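These notes concern the structure reproduced below.
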Amino acid sequence: MAENLPPMQYRFLGRTGLKVSAISLGGWLTYGGHVDDEKTYSCMKAAYDVGVNFFDTAEGYEGGKSEIIMGQAIKKFGWKQQDLVISTKIYHGQANAANPANPLNNKGLSRKHVIEGLDLSLKRLDLPYVDIVYAHRPDRQTPIEEVVRAFNHVINQGKAFYWGTSEWSASEIASAWRVADKLGLIGPVVEQPQYNLLARERVEAEYRWLYAEHGLGLTVFSPLKQGILTGKYNDVAAPPPGSRLAEGDGRSAFITNFAKTFGDETWKANLAVVARLKPIAEELGATLAQLALAWALKNPNVSSLITGASRPEQVFENVKALAVVDKLTPEILAKIEEAAQNAPEAQPLRFV
Amino acid sequence: MAENLPPMQYRFLGRTGLKVSAISLGGWLTYGGHVDDEKTYSCMKAAYDVGVNFFDTAEGYEGGKSEIIMGQAIKKFGWKQQDLVISTKIYHGQANAANPANPLNNKGLSRKHVIEGLDLSLKRLDLPYVDIVYAHRPDRQTPIEEVVRAFNHVINQGKAFYWGTSEWSASEIASAWRVADKLGLIGPVVEQPQYNLLARERVEAEYRWLYAEHGLGLTVFSPLKQGILTGKYNDVAAPPPGSRLAEGDGRSAFITNFAKTFGDETWKANLAVVARLKPIAEELGATLAQLALAWALKNPNVSSLITGASRPEQVFENVKALAVVDKLTPEILAKIEEAAQNAPEAQPLRFV
Amino acid sequence: MAENLPPMQYRFLGRTGLKVSAISLGGWLTYGGHVDDEKTYSCMKAAYDVGVNFFDTAEGYEGGKSEIIMGQAIKKFGWKQQDLVISTKIYHGQANAANPANPLNNKGLSRKHVIEGLDLSLKRLDLPYVDIVYAHRPDRQTPIEEVVRAFNHVINQGKAFYWGTSEWSASEIASAWRVADKLGLIGPVVEQPQYNLLARERVEAEYRWLYAEHGLGLTVFSPLKQGILTGKYNDVAAPPPGSRLAEGDGRSAFITNFAKTFGDETWKANLAVVARLKPIAEELGATLAQLALAWALKNPNVSSLITGASRPEQVFENVKALAVVDKLTPEILAKIEEAAQNAPEAQPLRFV
Amino acid sequence: MAENLPPMQYRFLGRTGLKVSAISLGGWLTYGGHVDDEKTYSCMKAAYDVGVNFFDTAEGYEGGKSEIIMGQAIKKFGWKQQDLVISTKIYHGQANAANPANPLNNKGLSRKHVIEGLDLSLKRLDLPYVDIVYAHRPDRQTPIEEVVRAFNHVINQGKAFYWGTSEWSASEIASAWRVADKLGLIGPVVEQPQYNLLARERVEAEYRWLYAEHGLGLTVFSPLKQGILTGKYNDVAAPPPGSRLAEGDGRSAFITNFAKTFGDETWKANLAVVARLKPIAEELGATLAQLALAWALKNPNVSSLITGASRPEQVFENVKALAVVDKLTPEILAKIEEAAQNAPEAQPLRFV
């Protein structure tokens, strides 16, 4: 099944010298959670074997279990860190229903939690360092100078090579750079936003001037909009019985909130876009998912698409999107735009 | 007795991202001294159980024994540092009557003592780092640049996350910030002053412009003015026989000096204030102590009140003050002001 | 054979306080490769005994084996690091035919590879630090700020004392200094270029203003132009059968490329220069190689000539060039210039 | 014999917060050399017992043996570093007749030797850090920026608290401060010069403006001018037979050079000064040595006089000078000036 796959592509992480596979594998909502350990190992092995070098996790994924199992896979297969790009994220802590005690400082971006949190992440991963550490959210209660200094502290201590952000506003990222420049420190080199054919505003409009100004790279999560862009919900009148969508999820507020949107107005509008995209995918001989991934990769500011997989086959299917990228001619892109009808308004760049 | 307590409140330590319990527990004059080890453990356990996360000690408390016993409690109960905020203070050394040898450099804020002193404190605490390290007094014989660099050194080495001051003048704190800003270093984020209804000048007048200018937080010691604000001395003609107040204290110059003030003019004036506060406390259904603590918590610049306790019950009594804070309406506060008659004169702010 | 050798000369590494032997020994194309371990030991011992203190290697030499065997020699002979100047170079990784897997980030000058690469080099060398770490090539895909910060990081961590460049353009070196100066960091103090009587442009023209401006030192590789300047190819119609030149080299792209130039126009022109130099060497009672080395040492910007040797005798022969330097009177130098006919055009200095 | 000694006095090391005993003990020309180990221990013990807290040594004293034996004394008596001020000096290396091999980089102030040299000193002392590390001489072949960065590196690594200079010119010290200020680094806080009644120019004239400008402290060596100021040479027609002065010293170039001056014009002039000082000492009931030490201590820029001792009695004799300081009234000082006839010309201060 891994045969006849297109060769992996690699991109620089923004303006840094680090290269990441255009398709990467993330542990969100899967590893350490509903995907069992053996499946996790086989997905990671499949990804590694087809050239994925970038594996993404977070302290907040499955209360830390995602880091544990992904670290075990690295040990199990004898992979070397110089062949991998490992990232984790600090902000959410490991608080979950089973461990509600004193989560006060065990989250956020205080100097205390950035340092303690990364130390605990490295312990769970059983690694001396990660390549990238993300601020998993902005922390509007901690001064940006404290945040910038804390991430530089862990970089200086050799616990990470680069730091980035996730779901920060453009002006928050710019503030971090302003403080970093003022103090001669290292700024955030990458942002991890949601980006897909149904969520374009932030990447295409809000962040627009950051790419040239600060060399910002993007490692994208939810490139398939929680599966909506695969088309699997287009003929579903109600959430599949027994699915997490139907029954909610005790662990993940994200899934619970997502389930609540099932069938609402936005949901229906999204399905309509998917329906209009379908003939274009068929014209290209691609699945809807592959079309959606290829479209996101067409954006030169995207360094990597972080995909999820609970079976190796899903890894292979996603990688096939690489072969679709070149088929996205100006004409096809125009058709996609017409189907999507959601291009953000062009804004004059602030600083260029 | 811990039942029906109001929930703990948490506040940021000044402008940092660190959250401390509004009521915290300090080892001053108690732990490692006249309070035995078992009592110390039970007080700390009681505090932890009602949500206190901030525990304060110093190299100078009981010649270092306060740090030893408080560190043992942390180990004994298996508490994790990410759930705690531990502070210690450097300045006084561990010199006491039993150890008079060569205290020359084993105190003060020289680079030597800040580094050596904190290393010894961490050894006594048996912890790899504290959250906050305070300069326990200003050292007017050591250049402020040496002091600022020394505290940044221990922060860079991972031995503390934040540094603060205790009993520094406003202009000394501002000088530290000026040097820190000039050198791109971290300034002191918190001051530990005395503050209570009988000692208001420094916090309400002298420091006034530092809160907005430098985001200074306050962790207050002696919020009950060595017990005077509990009213326990109001009907006492002479120091209780056998008490430390009557017999002095071989170890603590503070207690010895305090004992000397018994019955003097200021003492009498203070008791008069307490007498006038009593009906207000009764009106609110609170003890005098709870009224005094609640009043100090009403000050938004206060991050935490460091209380002492030699029995768990005292912890619970102090925590009940949290329920009184909201009862301090403008009318009640006006009555308190009238009773206290010691509001510092308003001064125009220097920099705002 | 080591008798009657001229005493070793030592020069500062550019403007630094480090002294290197004017003749040094490099592991390129020899140690860990076609020169066996015993020969490697005896060459290094011979060099050490005649006063060579500078030994040069690289992560990319023989896939890391050069570092391993040279480190073993240091251990074997009980040499102390304070008596040696050890350098290695980061850029090429250890990728070779036997290990093609994922060389993505295991090369270049990203922060990741500089730090990981040097750690692996130190492990192979079995040393806690090197004296000099070179950026073995410019990395035009990594921002110069990332590169400068990465080399400063390893210096701050005690893994190297100085950093330099190899085969960087003058403007790349100047850019590194500009970033270093802006950030208050340490700039590159030495460049390792090719320099010999047949390759003069870069050292004599392009770098000309860097010597005074940044105190740049030069550690020269290929001072004999891969042996052409020994005259050994002057009477050779075809590559010696069985030689690496005839049969290429599976490992080294350099040798393979060099072999391709055999007999071309530049090759012939070079041999003609050598033929014209021969009578000058004879007049001085020196070999052609000694004349060529002495001529390069006459350049005051040269800190050291990195020579190769597969037998101790070659070390001794090279060291004898030191006795020829003083014989290069203005008259002799004029004769050499006439024979070489390749003096770079004088350019006005940019900044002087 | 240690009875009835005046109490030790302590002074700040220049403008730092470190306090050193006004009389300190140095290992130069004694410990690890002609003074045997037991005598060394008893001298150090005697000094410690009378309040000396500052012990001075150097990598270059007796080829490193001074550091070894002084470190052993600290271990032997169980002294704690927080009660001591230990200094060593880097520059001369440990080169001596028995170890001439490759002293190239094993001396001077290159980054390599400062770091390697201090590491070796700490190993010999068997201590994790010293309080003060001196640049034992200026190194005019190493850029001052490299020197300043190297000493800051060892301070940042926790291997020393302060750095100073020894026998640097005023403009070299000022250059170091200029570079330190430009880069936001720590400058040299103390100079170790010769200073005594027969050698005053540098301390009283050349360095004059550095005290206020940079807070420079002085730790003085040779306060008795190699014994001349004790008067012991005044009735000696020839060097005492069998003395080091008569027979030279295979180890110390200093002693050999000093011996050469015996009886020359300067020698005679110095003896004449001593002869004129004698009645003043007698008037004060002090020895000549005590008068000379007390006179040097009268200079407020002097932090400590580093004295030598081969017997505990010498320590006690030197300490008695402390009782003489207050006897140096303006009238007595005027008499001393008249006897010395060597007051440096007053120079207008450059920067004040």
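Read from first to last, the chains carry the letters A, B, C and D; within each, the first residue is number 1.
By definition in this document, contacts are C-beta pairs under 8 Å (C-beta built on N, C-alpha and C of every residue); 3 or more make two chains touch, one makes a residue touch a chain.
Just so it is clear, the structure is predicted and the values come from calculations on it, not from any experiment.
Undergrad: Over half of the interface residue numbers used by both chain A and chain C, so same, or under half, so different?
TA: Here the answer is different, because the shared fraction of interface numbers falls below one half.
Undergrad: Fitting the CA atoms of chain C to chain D, what rotation angle results, rounded to the nearest 5 degrees?
TA: 90
Undergrad: Averaging over Cα atoms per chain, report the distance between chain A and chain B in Å.
TA: Those two chain centres are 45 Å apart.
Undergrad: Could you work out how far the Cα centre of chain A sits from that of chain D, in whole Å?
TA: About 63 Å, centre to centre.
Undergrad: Residues of chain A that contact two or more other chains, please.
TA: 156, 184
Undergrad: Which word fits how the chains touch one another: line, ring, star, complete or other?
TA: Topology of touching chains reads as a ring, each chain with two neighbours.
Undergrad: Chain pairs that touch, all of them, please.
TA: Touch list across chains, by label: A-B, A-C, B-D, C-D.
Undergrad: Taking the complex as given, what residues does chain B use to touch chain D?
TA: 101-102, 104-106, 108-113, 115-117, 120, 139, 141-143, 146-147, 149, 153, 156-157, 183-184
Undergrad: Tell me, which parts of chain B touch chain A in their complex?
TA: 10, 12, 15-19, 51, 53, 81-83, 85, 131, 156, 158, 161-162, 184, 186, 215
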